[in-house]
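In what follows, a single structure is set out as structure tokens and then discussed.
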Amino acid sequence: MKRRKGWAFWGIVLLIGGMLIAGPTPAAAAAPAGTLKMAIHWGLSADWLDPSSNSALIPSQITLYLFHDALFKPMPDGTYSPCLAESWTVSPDAKTYEFKLRQGVKFHNGDTMTAEDVIFTYWRYKANQAKIIHDKTEKVEAVNPYLVRFKFKEPFPDFLEAMLPGSTTIGWIVPKKYVEKVGEAGYKKAPVGAGPYKYVEFVAGQRLIAEAFDGFWRKTPSIKRLEFSIISEPATRLAMAGRGEVDIATLMQGVFYENLKKDPKLRMLAPLSPSRWTVYMTAQWDPKSPWANPKVRKAASLAIDRKTLADIHMPGCGPIGGLPLEGDAMGVELPPDPYDPAQAKKLLAEAGYPNGFHGGKFYPYEGGYWPYGEQVANYWKAIGITVDTVLLDRPAWFATRQGGKMKGGIFIDNIQPATIGGRLLYLFGQTGYGNYPDILEVWSKYQKETSAKVRKDLIQNIQKMIYDRTMFIPLTSTNSPAAVGPRVKGNPWKIQPLIWFTAPFEDMELVK
Amino acid sequence: MMEKAEFDYLLKIRDLKMHFPVKAGIVMDRVIGWVKALDGIDLTIKPRQVLGMVGESGSGKTTLSKALLLLEKPTCGEILYEGKDIHSLTGPDLKAYRRTIQAVFQDPFASLSPRLRVREIISEPLEVSGTLSRKELETKALEALRTVGLDTGLIKVYPHELSGGQRQRVAIARAISTDSRIIILDEPTSALDVSIRLQIIHLLMDLQQKLELSYLLIGHDLAMVAYMSTDIAVMYLGKIVELGETKELLQNTAHPYTQALIAASLPDHPRLK
Amino acid sequence: MRGEFWNELKDIWRRVPKIAVIILLLLIVTALSADFLALHDPEIGDPRQRLLPPAWEETGKWSYPLGTDTMGRDVLSRLIYGSRVSLIVAFAAVIIAGCIGTFLGLLAGFFGGWVDQVIMRFTDAWLSIPTVMFGVLMAVILGPGVWNIVIILGGTFWSRYARVVRGETLSMKTRDFVQLAKIAGCGKARIIWKHILPNVFSSVITLSSLQIGIVIVVEASLTFLGVGVPPPKPAWGLMLSEGRGGLLAGYWWLVIFPGVAIAMLVTSFNVIGDWLRRYLDPFYRNIE
Amino acid sequence: MKRYIIRRFFLGIIVVWIVSVLIFGATRIGPDPALMIAAPGADEAELSAIRDRFGLNEPLPFQYAIFIKKAIQADFGESVYYGLPVAEILWQRLPASLMLVGAATLIALGFGISAGVLAARRRTGFLNNFLRWFSFLGLSMPNFWIAMLFILIFSVKLQILPTGGYGTFWHLLMPAFSLGWYFSAGYTRITESSLLQVLNSEYIKLCRVKGLTEFAVVGRHALKNALIPVVTLAGMNIVLMISSAVAIEMVFGWPGLGLLMYHGAVYRDFNVVQAVILCISVLMVFMNLLVDILYAYLDPRIRYD
Amino acid sequence: MDNNTLLHVTGLKTYFFSFAGTRIVKAVDDVSFDIRRGDRLAVIGESGCGKSTVAASLLRVLPPSAKTVGGEILFEGEDLLKKSNREMNDIRGRRIAMILQDPMMSLDPVFTIGRQLGETLERHTPLRGESLLRRIKELLTAVNIQEPERRINQWPHEMSGGMRQRIVGSIALSCEPKLLICDEATTNLDVTLQLQYLNLLKELQEKTGVTLAFITHNLGIVAELCTTVIVMYAGKIVERAPVMDVFDSPAHPYTKALLDAAFGLQDTRKRRPIPGEPPNLANLPPGCSFHPRCIHADDRCRKEEPPEADMGPGRSAKCWHPGKE
């Protein structure tokens, strides 16, 4: 208690002092001050401190935006916002990419970033898709210290997309000299990057502390110190926010969300996340299954009241009709199916199931989202489709999903890649459970195509085909409501829904 | 009942030794010595004999009775019953021996299974050793109850509803229900109230006469043992130090330990002290 | 005879902790007749009736006497059906634990020697494994489900029984009546079954009535941790866990009612267990 | 006495060995861990790399042998989830756990023993009834629920204690109390019954007829004898506490072993789970030894067995 | 009451209350007796007749469920029932000492012998330090314990049964009490040890002049040691007499029955058992409580409680037919 007040006090003193010295310069340019505390709901891994082993899962992005910087990354001004690269060019055959690096970018240890670091980072990368990307690569070379050229063996039109968070972290640059000096294990213990904040302390499962890096190229962060405490229990997070022990408490769903609205001291901010809840019916490729009939799938879609579903489980979210994120240039926005149980029943009768049918195993999404799946099953029950619900917690759900063991069943998937291309890759690739030959044909054409315009046509075509036969049942968008205390200025969620966390951190400010 | 006329003894104990190991060791136990609970006992129990056995606690009286009752296996020596060592008996012979020898213990509260009814308690030795039907068992149990002077209505009752004296009568009824010939009485009255004690002793003496039983009576009260026994054996540190007919032994005491026991007995009357 | 039986029953009734017994009986009756008592489906809610307060509050409705939860399910109906889940889980787990523990304890105590060594080392190992943690681990591995929870709780709680029963068996073994049964020639099975088991049974019952309270609480804890009774089953622990935010949020009825229900049930079991412990222990009977 | 302790120690090692087999076995049931660790869309090569990293490619007996060999050197491998050596995490978490359990034990013992003594001394009366109900109540409510009530009362309404986290004495109070309250009932019970038993013994009667004051009789003679079973229970409860603390640690965000183990189980971080449970069993064996020694101090009959 | 009377008890009533006072057991019901200085009194009767409760009432160390509800206990002229608990603590162990039923279990297992002996002395005498230690050694020597220096630091479980008994005796006598109550002090003892112990007590009495009160069911002890006898039955004193009179011509049928049922090595006649069972104190028969087992019982015995009949100097019997053969 006292300590926090102390910080605030000294923060203000420093601030005033800074203003006196600097005169009428804008406050943002002043020295960083104050401490912002957050109670977050997910555990952090030491693997995430290092971009090369960062698994690019959504929760891992916090450390990326905090300590590191990428060639380009989603920022408030756009998805492909130039950062460490000032600009880049793509050859017409999509085989050669050239990145012009920003000059004078400093790592936390004072090293200057050059093309060497980019090449080093590229080959050091070892998380998901590393092998696929490295196999495609012919050569990476430094044309000059500030110009990097990637050459691929085959056209690689998705390279930029693959560098977005959620796919890979191959574009997040680490300092070559430092890594070579401290070694892999040493780097994890004291990571150094080019991001807005310096690493101070990480205690697994307990807390992460970061301090402002005044040499950050974009701007000096406004807040001196960021403290993230891992508090799994939502009621505690809420109470902490309510008491002012923390300024931001994440994941306030359900009852907590309702409460948040009542507390005058707290604000409720619900940044959207790129995830999309979608029903995946693997049984549709089994001709004997009722799900093979598109009418049945449509009926199952019409049976769901998406609005209520969102209101109860994802307040602030809306129904969705297609797969892409809003604003995706390659995506097609399609209307969500209305809630029409009568029509659903009619379709079922037409398909030959007037009394409904037993739909096999149903796997709701992992752990905390069971009630969401439960509600979906309840809607189906109302029109006569019964399912055997199988509840799996997070790792078991992933293992079952990944291991192909949900075959023959229905599951609610959480589709996370940020772009429609990434999403389709996720649904049609390794982790897919089946496909239609005509859609696959278009998909393979799209993957080889280099012309941007044709690519757009092809991918939009695929989306329409998927929609027409109700290959998936899109449900609702998702969000991550958070309680925000009075000390936080404005809305710290600047990038959403692509990055659902409070990024960029250097833009966050405390109320003066 | 079988006639066993060819043997003039019921039990013959020859050079019976019982040694218990003293163990020590950190992980595995090693034997570092022996306690000689019985150290060469020779003894014969004849039909219709009441053999009293006195000695201080730890002298081996109870260990001997356990050997006779097949509860402990002796280290060496033998106990003959109808010419055979009881510890090598099997099958029907073993069952027959078990029917022959029974026991009544000191504490009437501990010697009756608390969750069994009187009927089951009395008929158990017969039930496990014979082939009698339920009906016959019940008849036998009733008969035994009458013999020990208890109301037959008690047959359905649990032990905790009985008084101490009644319990000891039930224990005796159980011991005689198998038409046994030897009963080991291990301090049968020392846990009873003074006013009940003699009732039980008289019952035992009557039964001995009527059913032609032999008793091995273990006790530490010399007066009580002398009152009941035809013969007395004095035990000291695992050995029988003196053995003789009751009157004879009390009048012409040979062993100093027996003399000490008699001297320590309290007087019957203040004038006699 | 009949009159005696009634007299005995009356005598016992005079001594039992009446409130606890009445509460327990009421809960059992509720659990048995849940189908008649409940007004609504406990698992499927009406999304339009979400978060209604209890009927006596301003915005409450009498068709939902104790209010509704976030999914619009009737709290009272869930409580009523929940008594069934809670009691079944607790009883089944304790019965499983009691059977395993009593069996192993009897074996260890009666046979002694290496049987005892093996069983007791195993029991020690089990006792030194942190129960709740192991429960969490097993629950995670086996996956959520009512019967999985029963198996896990039964499989972790047996060790105390084994300890207690072994100790009792050891002391029973030296009792005169067991010795006399051996003298009569009773087989081992008969001695265990007829002489030892009935006498250790009272301790098993006493222990059970105390364990059952612990089992209910542990079940609630596992559920709170997300590895216990899975939704949408109407279990009290689950209601408490799902509605726990309501305590801070002003939806107190989501938490207070299941909390009070658990506390009442567990307290009843504890009071009865405590009484049994005293009643069945001759030492306590003498000084009362 | 020395022999007794050494013997207990060897038995303890056997117990730890059984625990290690049990835990190792339990963690290997279920789906392939590599699938749970890998990111969505991982191919066989990636899975194989993961299995290599965590030693999952060997046959099970080999894995066990390696696990034991390393565990003896206090090397529990790498945490699958946290990406750090398990031993390092364990050392970070152990103090928090011990602090919580230590404080809770003190609270439980302090409250439990005093309530037990009062209950045994006066069989009726308001204070006795109050204490009895109070301890029953602690036993009857799930401790996470008590923890939340504490937060509501002391943090939200009264605003006197910090809600969650770790660091100062004030952070310790609520977790320790909610854990200690639950366990105090057991101590009340056992103190009461053993004290009653002791108070009825011949030697206490002798103390009374010797004319000793009530304080000397109860405080010196009776309590020292009656505490022997309490010590046993306390030894056993330490481990139960570490494990029961899971929910409390979760509520308060207290970084102890319970929370570590819970997240380990939930993330299928087997190396962590194995290490925590093994660590606690060793702790248990160690505690039991300590209890044995304490026993010998309390009860001289054991000193010369 | 003359100066020779050490203890004068009149109308003592001690009841046990169970089940919240709904069941009352009159363990001691209207008991009056005197003990003269230097006497060796025996209180006999079978278990549950209230003799131990009398002793506990005298020292006011009753279990919580029991309460003395009436009477007067004058010890050297002071009424013990009117004393505060603190004053009683000064009397216990100092002026009235007691040896309990089971001397084997009477020593606290977790304190050394020296500590337990010293504790009593510290409580009641000004002895401290060296002098205390000296006194402890003296006391141990007085009860024939060798090497007192070594024994002081030993624990009770390291001693033999006989030794423990002697230590209990030395604790009882450590503050030179006026009255020593021995409550079944020799049950569970081997005969040889029993005699040793009785001899020790006799010797100590001769040395210190303490008054002894023996509570026992063993008539042998009475014959061996005592001068006066009180016979109790069902919570009441049924006979009081000098020891010779009791053995020669018992006045109460119960006393006679007890004598007839006892064994002796010298007297080997056929004994006569007492019929029936001891009464249940919670449910006493009307009239004389011994009547169901009495051979002389008539209608009056069954209906009316007999008065205390005076039978000469120091003798009385509570019977309608005292001395009837």
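Residue numbering begins at 1 within each chain, and the chains themselves are lettered A, B, C, D and E in the order written.
In this section, a residue touches a chain if its C-beta (ideal position, glycine included) is under 8 Å from a C-beta of that chain, and two chains touch if they have at least 3 such contacts.
This is a predicted model, so every value here is computed, not measured.
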| item | value |
| --- | --- |
| Shared chain contacts [chain A and chain D, defined touch] | C |
| Required minimum of steps from chain A to chain B, each step between chains that touch | 2 |
| Of B-E and C-D, pair with higher C-beta contact tally | C-D |
| Mean-CA-position distance for chain E and chain C (Å) | 50 |
| Separation of chain A from chain C, taking each centre as the mean of its C-alpha atoms, in whole Å | 44 |
| Chain centre separation in whole Å, for chain C relative to chain B (CA means) | 47 |
| Multi-partner residues of chain A (each touching 2 or more other chains) | 235, 239, 242, 367, 393, 396 |
| Multi-chain contact residues (two or more partners), chain E | 63-64 |
| Where chain C touches two or more other chains, by residue | 140, 226-227, 244, 247-248, 287 |
| Residue numbers on chain A that touch chain D, as the complex places them | 1, 39, 43-48, 53, 55-57, 127-132, 188, 203-206, 229-233, 235-237, 239-240, 242-243, 245, 367, 393-396, 398-403, 405, 416, 425-426, 429-431 |
| Footprint of chain A on chain C - complex, ascending | 44, 47, 50-51, 70-71, 140, 143-145, 226-227, 230-232, 242-251, 254 |
| Chain C-touching residues of chain A, taken from the complex the two chains share | 234-235, 238-239, 242, 254-256, 258-259, 262, 305, 308, 311-312, 367-368, 370-371, 374-375, 378, 381, 390-393, 396 |
| Chain C to chain B touching residues, read off their complex | 175-177, 179-187, 190, 194-195, 198-199, 201 |
| Touching residues on chain D, where the partner in the complex is chain A | 30-33, 35-43, 45-46, 79, 81-84, 89, 92-93, 148, 151-152, 155-156, 159, 162-166, 250-253, 255, 259-260, 263, 266-268 |
